[in-house]
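What follows are several structures.
Each of the next two complexes has chain A plus one other chain: chain B in the first, chain C in the second.
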Partner chain A sequence: MIWELLALLGIYAYVSIASLLYAGIDRKLVARMQRRIGPPILQPFYDFLKLASKETIVPNTANFMFKASPILMLATTIALLAYTPIGFKPLFATKGDIIVFIYLLTLADFFLVLGAISSGNPYAKVGASREIALLASREPAMMLGVFTVMWALSKHGVEKPFSLANLYEHNIWEFGPMAWVGGAVLIYVFMTWLASEVEAGFFNVPEAEQEIAEGPLVEYSGRYLAIIKLAESLKEFIAASLVVAILFPWGIEMPGLEGYVVNLLIHTAKVFAVLFVAKTVFRAVTGRLRVTEAVNLLWTRVFSASLVASLIIAMGVVM
Partner chain B sequence: MIKLPLLSTVLKNIAKRPATNLFPKTDPVPVPEDFRGKIIYHVDKCVGCRMCVMVCPAGVFIYLPEVRKVTLWLGRCVFCKQCVDVCPTRALEMSDEFLLATYDKYDKKLRWFTEEEIEEYKRKLEEQKKAKEVAKKS
Partner chain C sequence: MILPYLIIIPLLGAFSMPIVSLLGRRAREAWALLISGATLAVAVQVFRDVWNRGTIVYTLGAKSPFGMANFPIRIVWEVDKLGAIMVVIVAFVSFLAVLYSLEYMAHDTGLEKFYTLILILELGMLGIAITGDIFNFYVFLEIMSIASYALVAFRNDTWEAIEAGIKYMFVGSLASSFVLLGIALLYGQYGTLTMAYLAIKMAENPTIVAKVALALFLGGLLFKSGASPVHMWLADAHPAAPSSISAMLSGLVIKVGGIYAIARIIFSVFSPAVNLTTVGWIIIIFACITLIVGNAMAVIQTDMKRLLAYSSVGQIGYILLGLGIGLAAYGTKVGEIALAGAIYHTVNHALMKALLFLVAGAVIHELGTRNLNELSGLAKSMPKTTFAFLIGAAAIVGLPPLNGFASKWLIYESSALFNPVLGAIAIIGTAFCTAAYVRVLFTFFGKPSEKVIEAKEPGPAMLIPMFILVATIIIMGILPWQISEKFMIPAARALWDVFGYVAALMGVG
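Presenting the complex of A and B:
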């Protein structure tokens, strides 16, 4: 138990650094795509330290949740790291932990929304309502895809069905040509889901700076904003980790501690590649949709694609 | 079907060099011909005709009757060049200088013909008067 907690702290430190590093790389790449030079790669670290050292202003209209939400959000995200597949089996992998994973992933967003509506700022309330609308629209597609994959893997007679640890024992590409077609559709579904999870490009709806002044984050400043930014960045890495673990879970077999480290590094490289497509390029080439359009797209294009992919994979497994 | 017309451009741009000017490390973008920068005031050429005071939209110029010159504070200047165009003696001109940021509104570099210079000029006038009187007496 104590070793697992130490490992969790190590993973937390590593993922914090990796996710903030990717935020820097992302800004640099978007700048280069627009023929700019961009900030230094370590800029998110400087931003974090600066925000943490700034004066924190709490509005008069805020209630106690305003202060508690960022901490709860970060705590949720750290707890989520214990269930995240990052190149090796999750620390607390157990039967059915996929439910816990999805629950904690959405809970982090709920805490952000709670903090926003506790600030008493109408802009934050608009941002929070958009956040919830997007959250409710994007998760079903992901859930259906994940549960289908989990169900398909459980057909292989795994030890703990519906655990994220199964993803490293078998993967959906083993089920023959039918599942390959379904997997290709799933790649589209999960990439779109990831883009809406990190709120890039089309889905930059809740934090629309030009429309509603940063939405949920409008009243946050100083230490709380630093915590929220860190938690969001961790959540990005975790969401991308899920996508990588489900679609491209290949690592290398290697005993001992070195095996864990090497697999973690391979996984990080894959996460960066996935985020490059779903976040950086997507952010650079697309503008924001309206909130109604984004919800429509998620329900009609993405959820239906998820349904189709699930049926194809299911047929592939059953046959 | 979602069209992404920018995709090819964006991916090509990664390989290209940034089209920006790294200002503090390099020189700023060169100014064009006839650039309207900071005003230069030649006190010795000025005859005190008050044209610039009449024409200035921002109230940069203050006429000093006792010395028949103007003093100016460029904190108000809008760089419209009307004073330069109207000055009959070419006592005013536009320079190429545009990096005028300061910490102090009444910085030396935003002033021409300051109080000390005015006092000095008055003293010079007195001396000239005295010299004239001495010359008359002799």
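Presenting the complex of A and C:
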């Protein structure tokens, strides 16, 4: 138990650094794509430290959740790390932990929304309702895909069905040509889901600076903003980790502690690659959709693709 | 034998209340609190006895129910594990409701009648939970019902209380008369009123009369539980009642007088004689309608207590679903999980809906409105109350660290295993339920309106019951599977075990 907690702390420290680092890389790459120099790669760390040292202003219409939600959001994301596959089995992997994973991932967003409406600012409220609309539209596609993959893996006779640990025992590419087609569709589904989860490009709807002035974050400043930014970037890494673990779970067999470290590094590289496509490129080449369009897209294009992929994979497994 | 004190103490409290009231307001409140506290202590002891030593059978007036005959001739009380759970939860929530009423009802008049009625309501519910005699059951059902009619219409200077009271009384009496007619038919056919002995007679000679009686029982008791086509009284009665009473009505009356009674009568009386799959599917159909209608109607309400009332209807749907699957899948693992889930959810829902109604009462008490559109930003001026609501709402939706999760999980799991369509219906119901509560949370955490900004937190007598419930919900949420293994599954097994129930009675002589 104590070792698992220490491991969780270690993972938390590592993922915080890695995810903030990617935020810096992302900004640099986008700048280069637009023929700018861009900020130094460590800029997100400076931003974090500066925000943390700034005065924190609490609006007088805010209630207790305004202060509580950034902390709850970060706490949820840290708890989520214990269930995240990061190159090796999650720390608290157990039967059915996929539900905990999805629940915590959603809960983190829900806390952000709760904090936003607690500020009493109408812009934050608009942003919050957009966030909820997007949340309700994007998660079903992901859930359907994940559950199908988990179900397919459980057909292989895994020890703990519906656990994220299964992803490192078998993967969907072992099921033959039918599943490859389904898997290819799933790549599209999960990449779009990831883009909407990190709210890049098309899906930069809730925070839309130009329209509603940062939406949910409009009233947050100082320490709270730093916490939220950190939690969001952890969540980015976690969401990308899920995509990597489901679609590209390959690592290398190596015993001992260095095996974990090497696999973690390989995983991080894959996460960066996935985020490069779903976040950096996507946000550099696409603009924002309107909220109705984004919701529409997620339900008609992405969810139906997820449904198709699931049916194909299911047929591949059953046949 | 401590069991009779479960009835003696509230009866004494209720009947002496008019006399004690002559000593003044303080004496009356202290007396009500003392009586309900003592009842709670007795209930806990009864629970422990049942858990340690098995089913308790108590005969009124003699050592044995048999006398000179070889069949029971006296009224018996029989408390098995499910009965013991109901006894504890009834006494617990009633105690908190009485405590809450001290401050909440302080501005009303006629309080000696109020406390008399609240103790009688508790008495009726305890009686239903412990009785093993079917006519005695009817008497307690009527005691409970009449006390609740009077309590719904207690604030008789408001039009809606009178309206809701009349509605509830008319249809409620009709439902009770169905039950009475069923009892009359059974007595005419089988010549006995003891539940366990009736089960023997019915197994020997299943007749069409028994089926007609079962239909009448189901009709009457589904009404009392607020199942869907006949839930309309509930949506009026719960908002109109004083909030401490709504907490008891929604948390206890519909469960003890409805769900528990259905479970007891079907399992302990009718199960040897009728086809349980058919009965199970009838209940499942009602459950699915109730689930969808109740939760969907909750989404569109603007009245806070009405929203909670419809949500109660929706949650009754889950409990009925578990019960129905427990019947239709009798003797299998799935059925056992479903029944354990139904019992667990009964307890959980009693706690969380009591909490939510107490919160609604605090809001009404401080602000004088229950229109959700006027309650924007309540979290600013009443943070503790809003926090309690947040916990209650999260628990009722079924979020993992709270108690609603485990019980709903058992129901989802069993319904998905039994028939995936039922699982899907249960999930749809939850989606509606989530939407309803998220909407309320959005209102509460929004920008404070002018009306809300001057509100204050209620006093300790109202906050303490709320926070006792919050603590219970959280603690039960931390140990969900332990509670399920240790209490709910044994209770479900005991309910299934008709032979045990009969043998406990017959073994006395």
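In this section, the second predicted complex is superposed on the first by the 319 of 319 C-alpha atoms of A that agree within 3 Å, B and C clash if a C-alpha of one lies under 4 Å from a C-alpha of the other, contacts with A are read in each partner's own complex, and residues count from 1 in each chain.
To be clear about the criterion, a contact is a pair of C-beta atoms (placed from the backbone, for glycine too) under 8 Å apart; a residue touches a chain by one contact, two chains touch by 3 or more.
The structure presented is a predicted model; accordingly, all values stated were derived computationally and were not measured.
Undergrad: Determine, for the superposed arrangement built on chain A, whether chain B and chain C clash or fit.
TA: Chain B/chain C on chain A - fit side by side.
Undergrad: Scan A:Ile117 for contacts with chain B and chain C and give back first, second, both or neither.
TA: In the superposition, A:Ile117 contacts chain C only.
Undergrad: Let me test your reading of the model: by the given contact rule, A:Ala284 touches which partner, first (chain B), second (chain C), both or neither?
TA: Once the two structures are laid over each other on A, A:Ala284 reaches chain B alone.
Undergrad: With both complexes overlaid on chain A, does A:Ser19 touch chain B (first), chain C (second), both or neither?
TA: neither
Undergrad: Please indicate which partner A:Arg36 is in contact with in the superposed arrangement: first for chain B, second for chain C, both, or neither.
TA: Touch status of A:Arg36: first partner only.
Undergrad: Tell me the contact category for A:Thr61 with respect to chain B and chain C: first, second, both or neither.
TA: second
Undergrad: Looking at chain A, which partner touches more of its residues: chain C or chain B?
TA: C
Undergrad: Please give the nearest C-alpha separation between chain B and chain C in the three-chain superposition, to the whole Å.
TA: It comes out at 32 Å between the closest C-alpha atoms.
Undergrad: Touching chain A in the complex: which residues of chain C?
TA: Answer in residue numbers: 377, 379-380, 383, 386-387, 399-400, 438, 441-442, 445-448.
Undergrad: Okay, in this complex, where on chain A does chain C touch?
TA: Residues 61-65, 100, 103, 107, 114, 117-118, 120-122, 125, 128, 132.
Undergrad: In the complex formed with chain B, which residues of chain A make contact?
TA: 29, 31-37, 281, 284-286
Undergrad: For chain B, which residues count as touching chain A in their complex?
TA: Residue positions touching the partner: 4, 6-7, 10-11, 13-14, 16, 18-20, 22.
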